[in-house]
Structures are given as structure tokens and as C-alpha cells.
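Chains: A, B and C, in written order; residue numbering restarts at 1 for each.
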């Protein structure tokens, strides 16, 4: 089977800082990382490759430096890498992004399974995966923890509201991955990074994938950002600082005052 | 296109705020490189309005025929044989929010219900504010399935042309809505925390960058304007008994071949014993500052002593301190307990949007500038993993 | 060797950082430090090809490595130093031990040994130092006698003792410097050779995770093919040839460990509330303990990167530059770590916080690969020649260039750096006229002043550039403020100390105050506190409390 994994380079949002005076983001020094859910999706795909000998292609969309996440995929064992990079893509919302990614999948060729992270930590929309599936007319299984393949049967364990389901489907299908709790992310060795430079890697423009300009970028995006602003802040808290013991006593005092304990 | 006009004074204020490090100062003028995503942060920070983003107008579609605010009705299993399914509370919250939008637009508020068997849901939907219920009753709708449900919803939208459509940002809503939006080529905004009408358009507010900033989103050129809304964010209206909705029955041609994904097994955790986090009165929550999984376990003990439930930040869940089901925040559960006691959570807005409506927030964190203190009523500056055991000790003594 | 592309290098660094996060937490390091124990399993694991393959950085791709350049090695060394300087030293010893082979080995020797080091993950040790031969290798006592069979040299019998050899007790392969009949020469000695035995592991002040031991060689027979380069007497040249490069590595150690200590202090200072406000908001704290140190290290970093890039673009030697890089980074790093303890107060003095260990560890960077004093001399010697050769124009020309830089970008501190260089030229000239370099103290002191002035020049030039290097973590206004603080201090230091130096050594040096342009140097100090305020604020933002 042929697998495509979609990965995104994101700012490490746990490191993003806010300038308290202006309420704006401070980007300096914040590292770019592979979206953690995509990292898990990639690892799931590569385990299937190891087990069944599938062919894995890693695809990302972003500026030239997003090559990093594609190369990481190659270094971890993927066979081929693709970066969609073109100013025409800038400003794309999830609709336009998924349109471009779907076009890229078509260009890559016959695809049996697509893996995506459940969502990206910079946008938290969880929309791109299902939207790609719709563009390609594929079945989808979202919020998966585990995916295994048995011949032409694909079995996935997925989260649902209030529990879990085990589902079955046949290729072609798209899976979006959440992380299961025992997951340990893998990083490539120096040798693997070096070797990945020799693997096939392509940078494709909008024209290369046959995407129509009217569906790309700001123009092709049905949603528009009208304003960005810092989250509202409440009144300042009543602060206290002291030793562990004093702090514990202070908390007890608060709970008494607020009638949670005697 | 993003352009910097001659007005640029080279002050450099836009450089550090760019979330993508896409701005360089070249010859004392801001220049955007290829990392730019046209997000617009720089446009707002520029003190002299020198930066402008222009968008080519997409071909305007005719929106005149699109009327009505729709709410997708989500059903959940009860385990009860006579009433195997009931309406999820988030649906009523959406009706509460949708009611205001519909009144402002002077349009109908409509519920969209897909089910295999009608159990008089329309009455309940009417009492919570729906004017109309579009009901599709079909055997193939016995459980949620992406292909079948999206096919039905897309055909209903095409037939009746609503102007707004809301879904709960539940797993089901987040599975269905992007599929529908993609098929219809319409805008969809995920995980909204506020909705309003502005110049006849749906103004959708949501956190971004892990909740570090807020964004207002519009979908001016497509209908319906679709959004998913987080549970526990909108207030549901008090039900008005006797208020009824007009039921419009719709047919659907469905057959088994549409069902490409089949459910083999379903396990629902009805949470024997423990209180679910979204309903808890007291939540003791921990973050990265608890340092280790072992130290995090102290919070289990503490919450037991207080009769509460344990919550966790995304960082704590990512580090494996606690299961995902305990996660509070944007990508976890939204909660509003009487007491929210947090240990070692700095309070990325992604977390804060999920707990800020708690009645009393007591936060322990070692950084006095941590954003959690902006929403807390009481702040304790100190090492969470040292204070937690002392508090347990003190509580045991009493 | 050219460096690896940026994206690949950053992927490697990410992998190293994640490995350390998972596998080498501070609690483990602290335990090993107390036990004075070398973590052989960690070193071996870091060499595993599918884990990291760290040692492959030093091996060209044609022999199974990844062909790291100087810049790559600097980046990796800097990160290793942030993790633990003892572990870093263990890795460094392999790099260093491999060097004579890389520099002087014949193609057959490289094919055989580099391939073995790469594929068998050999730990290597560099055996040069002896009790009476440290930086002065000419006093070498270890002997290599020719063993002649059938009229041909079949091999050598090596006898002698080596001291303070990193990886000495644990390496698989040793490159040993010994005096052959034709002069000092490098030999490859395997651990299992007869007559070879390591001594006991030293009980050291710091870098206690690094194994350090003496070596005894008692008539160890090595085959002739193990003579590196297959030619006697090339040993010192081969050692010299890589000094520019190996000193960049140790400079990276001083930089990494020093930065780590400071960053921990910066994070701490935001949590410690004193009299109602955090320490990070108090000038008396930040402007004494944090800002001056950070600025110095940022300068050292810029200098190191400049040397690394020059080596990678094909320049050879750069012994003086390597010495400046190492002297600055290790001395300033050492001071930064010392101040980091002070910044943490009582906590800093306990082993609960890593700064105490960093302080003990970092001291070694002022000692190994050339002590600071040897480096001061090296720097002086190198530049004194330039001063004489150019008839005093060397630093004046450099200052002219800086003035041009200043004309294009007035905010980068280039003018102050130019003042430092001009003052330096005046001091050197005064020393020449009055023959003051007959005092050793003067020469060593000149070495230190040269280091400050040249670093200021490189820092200001980099700050004025259109595009900043990949490691700069600050916005333009902040980085330029750092450069201005650095350059002002350098100008003031060179002028004042140079003046004092000359006045102290000569009968007449009356006009020097004018020659070093003290008035301009003092006027240049304007804006210092505002710049330090900005730097303190940005450091707080960049290294937030965790």
C-alpha cells in the first residue's frame, strides 16, 4: 500500500510568550517544531511501513524552511518527501490548505492511506484532515489512537465522545491521529539525517500540482481573519508568596474564607 | 498580498510580534519574507498604518436566498432501552446562542435532527428556542457515521439554504463539520468561544496559537457561515414548556453502501464512581510545574481530600502525568466548577479558555508573571510540587 | 571541511536535545557527579548509529561518517556543554583523538581506522600530555624506539607515562605522542596491546562524569603501519595544525556551560521575590550579575562563529583566532558561572541547583587545550608580529573598517569597537618604542586586551549585517544594544588598562592618554545604562521562568 503523511511545521506554542505591555506575541527565540500530533501520525505510518513494507511519502505545506519537517520524516524512514511552497499558498485557511494538499496527493499517485495529526497546535482547528478526505472522496476515521492493517482490512481504535470505538474500513481512507499515552516520540540519528539528504525530495508550486489560483491563499479561503487581539484579562489576583508551609496555610485560609472548608 | 508603504518609519515594532519571524528590517523598512502567512498581526501593531494586506475579491456568490440559523442536533446514548438516545446539552447551548443570532438577523432558528427513530425530540428542541425542526428519520441513521451523516446534511443545506450553521465542537461535530464545509466550499471556524452578528455577518471569536491570542473570523463570501462551538461556553436558555417548534420532515435516500467505516466495538466510559470532570464542583488541576508523574499523583490524594476531581494542563498530559480525559482547556474539556485549584499551571490561554468561568480560581505557580494569575482570584507564588504535600498534610491534620 | 546544511544540522541538534532530555536528567548527572562516575552506557548509546551516532560528526562521509564541519562541531559541543561538561569532554576526547588521523593519516590509515571508529563506535583518547609536558610538548619523555627486522622498520616499542588523559581509562583506541628517532610522532595504540595499561581514574574538582586517567606504556610494540602519516617527526606540526579548530570546540564548551548557568539564573531571578519585586527587576542585581556576563558571552559566541565559518570556508590554521575564541569564551564563561552562583544566593551554593556543578565543571575550560595564560601568550605573539609587520597599521586598518561599518549602521557599537582598536594600536606602539615587551606581564596582559578588542570588532560587524546568523535569539535592537555594551566596555578596558600597563612599565608614557583617546572613550559611555536596561528586560522575556 501507499501511504501519505501530512505534517506541519508549527511554532512551539508552549514556548510562545506574550508581551504583557502590548499583549502581542513574542516570536524571537521560539523554536519551530513538527506539530506533535503529526509526529505521532508519522510514527504510526512508519511502523506500518516497517511491518508491511508500505511506501511512505511525507507532505508538508509552508515556507522553504518547512523542509525541516519533511526531512525529519525522511530521516525517520519515509521514502519520499514533498514540500508545497509557493507564495500563492500564503494566507490559506483550512479549506484552501486541504484543497492544495489533496491536489498534491493526486499528483503523488495512487494512495491507499493518508495520515494526519488530529490538529495543529498553532491553529487547533482539526479541520484539514477531514477536508482533505472530502476533497479526495475518501473515507475518514478521525481522532485515532491506533491503526493496524490486516490484508485489505484496516482496523482503527478511535476516540468518540465519552469513550472509544474500534472501527473497520478499506482503503483508501484518511486517519487523523491523537497521541496515545505510552507514545514516545522518536528523533532521527545523525546518520539518518545525513542519509535523508539522498532521498527523493521535491518542492512543488501551485502550478506543479495543478491547483487553480482562485482556490488558493487569501482569495480562495472562505474564512477571513478580521482582527487579532490579546485575550481579555481579568482583575489582578490577590497575591501571596512564601514558603511551602506558609503557602499551604494560606490556601486553607482562602478555602475557609470562600466556604469550601470549615 | 502584503505591502509596506512609504509610511514605514523603520521603528521595528512589527519584527518581534510576527509569529512566523517573517519580517526583516532592510534599509530601515519592514520587508516580509516567504514565511509570511498573511496573518495580520503586524498590520495591527504598526503605529503608522504602513502595512496593508489586500485580498483580491473572490467572485461574489449570490447570498440573497440564504436564510435561517441552523443548529446541528447531537444525540448521545443513554444505555436506557426505552429511550436509547437523548439530546446532548451542547445542543441546547447552541440553541441559546443561535436564538440571539436569529433574533438579530430576524430569521428562524432551526434544529437539524438525524435519527433512526423519533422520540419526541422536537418538543424539547422547541422548548429550548427552536422555531423549526428539520427531521430526517431513516434506519441507516441509527448511529453516527461520517459518510451517511455528511451526505444528509449537505443535501439539507442545498435544499433549504441556511445563512448560519452551528455544531458542537465535540468529536462528532469536529468530524462532521469540516466534511460538510469542504463539500459545500463554505467557511468553517473551529472552536468558537463567542459569536455575534456584525453588519449582517457572523462574527466568530476563537483563540489561536495555543490560546496565546484571540482572532475574530468572518466568512463573508460563502453561505452558510459555519462554526463549531465548544461545550460549556455558551449559556443555554431556560426551557419554556409548551413552546413548540414546527417540524419539517425530510426524506433521504440512503443505502448501506454509503457506510464505508463500520463500528466493530464501542466502549463508553460512563465513569462508574468518579464524577466526570465537566460536572465537577471542585477541580484540583496540575501542570508542568508538578515536575514528575509521581509528584502529580499527590493531586489525586489532594482532590480526594477535598471531594473533587483531578484536572490537568495540556503540558501535563503531553508529559504523561495524567490521561487525556482529565485535560482542561482548548484541546481538552471546558469546565466551570465552584473551585478551581491549580498547581504549576502557567496558564497558556489554551488552558485558560477552558477554566476561566470557574467561580473561584486559586492558582499556585512559581512565576509571579504567569498568565494564570490574570484569571485567578487568589495567587500563590511558589513551587507547586512543594506546596501540594504541605497542603495535604495540613488537611489531614484537621 | 564545509559545514552541513542548516536544516540537517538543526535536526541533529534537536535529536541530541531530545535524547538528553529523556536520558540524562539532572538527577542522574548529580548522582554520577557525586560518585565520580563515567557513564559508559550513555556514551556508548550516544554513539549507536540508530540512536545518535555523535562521533560520526568527526568522520568524513567516505569512511562512514557524516562529514561535520567546524560550525557543526561547535554547535554540538555547545549543546553538549549545556547538558554536562563531563559527558561533553568524553565526546570531545574522541574528536580530539581522531584529529591526528584526520590531519596526518595516510589514505590507507584513514580507510582502516576512521572506518573502524565510525562502524565500531570506538571511544578514542588523545594521549599527548605528560607530567612535564603540557602545552610545552617539546619536553616529551615518552620514547618510541624502532624495531628493525630484516633491515626494515617493523614497528616501534613505546615506553613512557601520560597524564590527565580524557577517556584514558575507558577508550578503545589511543593516539599517543612519542619521541621517535626522527622527532615527535603520533602512534595508534589499541587498549589490548601488551605493556599498555591505564592508571586510576582521577578525583577531580569538576567534570567528574569524564574519565581522566594516566597511561603507562611499558615497551608497547606497535606495528610500523600505526605511525600516523608513516613518517617520523611530524607530530608537533600535526598537533599544531588543528589547534585553531580544537580550541573552537573548547571555546564552545565555555560558551555553552556559561550560557546555561546564566539562563538558569535569569529564570530564577523572576521567581525570587525580594521586598515585593522579583530580583529580575532590580538593576543592582541584573546589571552586576547578569547583563555584563551575558553580553560577554554573546560576544564570544559571535567570535567563535566567525572563526568556525572561516575554517569551514577553507582558511587554514587560525591559531591566534582559535586562541582568542577559547580565551574569551572560557574566561567569561567561568566568570558567568561564578556570578550565576551569586545570583542564586544560598540556593546557588547547594547541589540542588545545577549552577554549582557548572561552576566546578567550567573551570576546566580555562585549563585544558592550552591554559588561559598560554593562550594570552599565543595571542600576543601572533598579533605582535602583525603589529610589527604592518608598521603599526594592523589595528588602525581594522579600526578604519569598523568606522565604515559605523557609517552604514550607527547602532551596532562599531564606533566604540573602533576606539578600542585604536587604543590598542597606540598601546602596542608605545610598548614597541619603549621595549616594554621584555616584561612578560606586559605581553600576557596585551593578549587579554587583544581578545577584548577583537571580539568587540567582530561582534559589532556581525550586528551591523543585514541578516543575522541562525543562532541569534534576539531582535535587532536588543542584539545591537548587547554589542554596544560589549564595545564600550572593551574600549574603556583597553584604554584604561593599556594606559596603566604602559605607565607601570616605562619611565615616560605621558602622552598616551591622548593617544588612546581617553576623552572619546569616556564620551562613548553615554547611553550605557539605558542599553543595559533594555538587555535585562529582553533577557527576562527570552528566558522566562519555567
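Here, a residue touches a chain if its C-beta (ideal position, glycine included) is under 8 Å from a C-beta of that chain, and two chains touch if they have at least 3 such contacts.
Since the structure is predicted, the reported quantities are computational estimates derived from the model, not experimental observations.
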Between B-C and A-C, the pair joined by more C-beta contacts: A-C
Most distant chain from subunit B, judged by the mean position of its C-alpha atoms: C
Core chain by centroid distance, with centroids computed from Cα atoms only: A
Interchain centroid distance [CA atoms averaged], subunit A/subunit B, Å: 18
Separation of mean Cα positions, subunit C and subunit A [Å, integer]: 40
Distance between chain centroids, defined by C-alpha means - subunit B, subunit C (Å): 52
Contacts with two or more other chains, residues of subunit A listed in rising order: 19, 26, 28, 65, 241
In subunit C, residues with contacts to at least two other chains: 273, 475, 544
Junction residues of subunit B - those touching two or more other chains: 16, 368-369, 381
Parts of subunit A lying in touch with subunit C, wherever the complex brings them together: 17, 19, 26, 28-29, 33, 65, 67-68, 71-72, 75, 184-185, 187-194, 196-197, 241
Residues on subunit B engaged by subunit C in the complex (per definition of touch): 12, 15-16, 24-26, 288, 366-370, 381
Complex interface listing, subunit B residues touching subunit A: 16-22, 33-41, 44-45, 53, 55-59, 76, 88, 146-147, 150, 170-172, 174-175, 177-179, 181-183, 185-191, 203, 207-222, 260-270, 282, 306, 314-315, 318, 320, 323-324, 330-331, 338-339, 341, 348-350, 352-353, 356, 360, 362-364, 368-369, 371, 373-383, 386-387, 389-391, 393-395, 398
Touch list for subunit A against partner subunit B, complex: 11, 13-14, 16, 18-20, 22, 24-28, 36, 63-65, 85, 87, 90-91, 93-95, 98, 119, 121-131, 133-135, 139-143, 155, 159-170, 173, 178-179, 181, 214, 217-234, 236-245, 247-252, 254-255, 258, 260-262
Parts of subunit C lying in touch with subunit B, wherever the complex brings them together: 270-271, 273, 278, 466-467, 475-477, 544-546
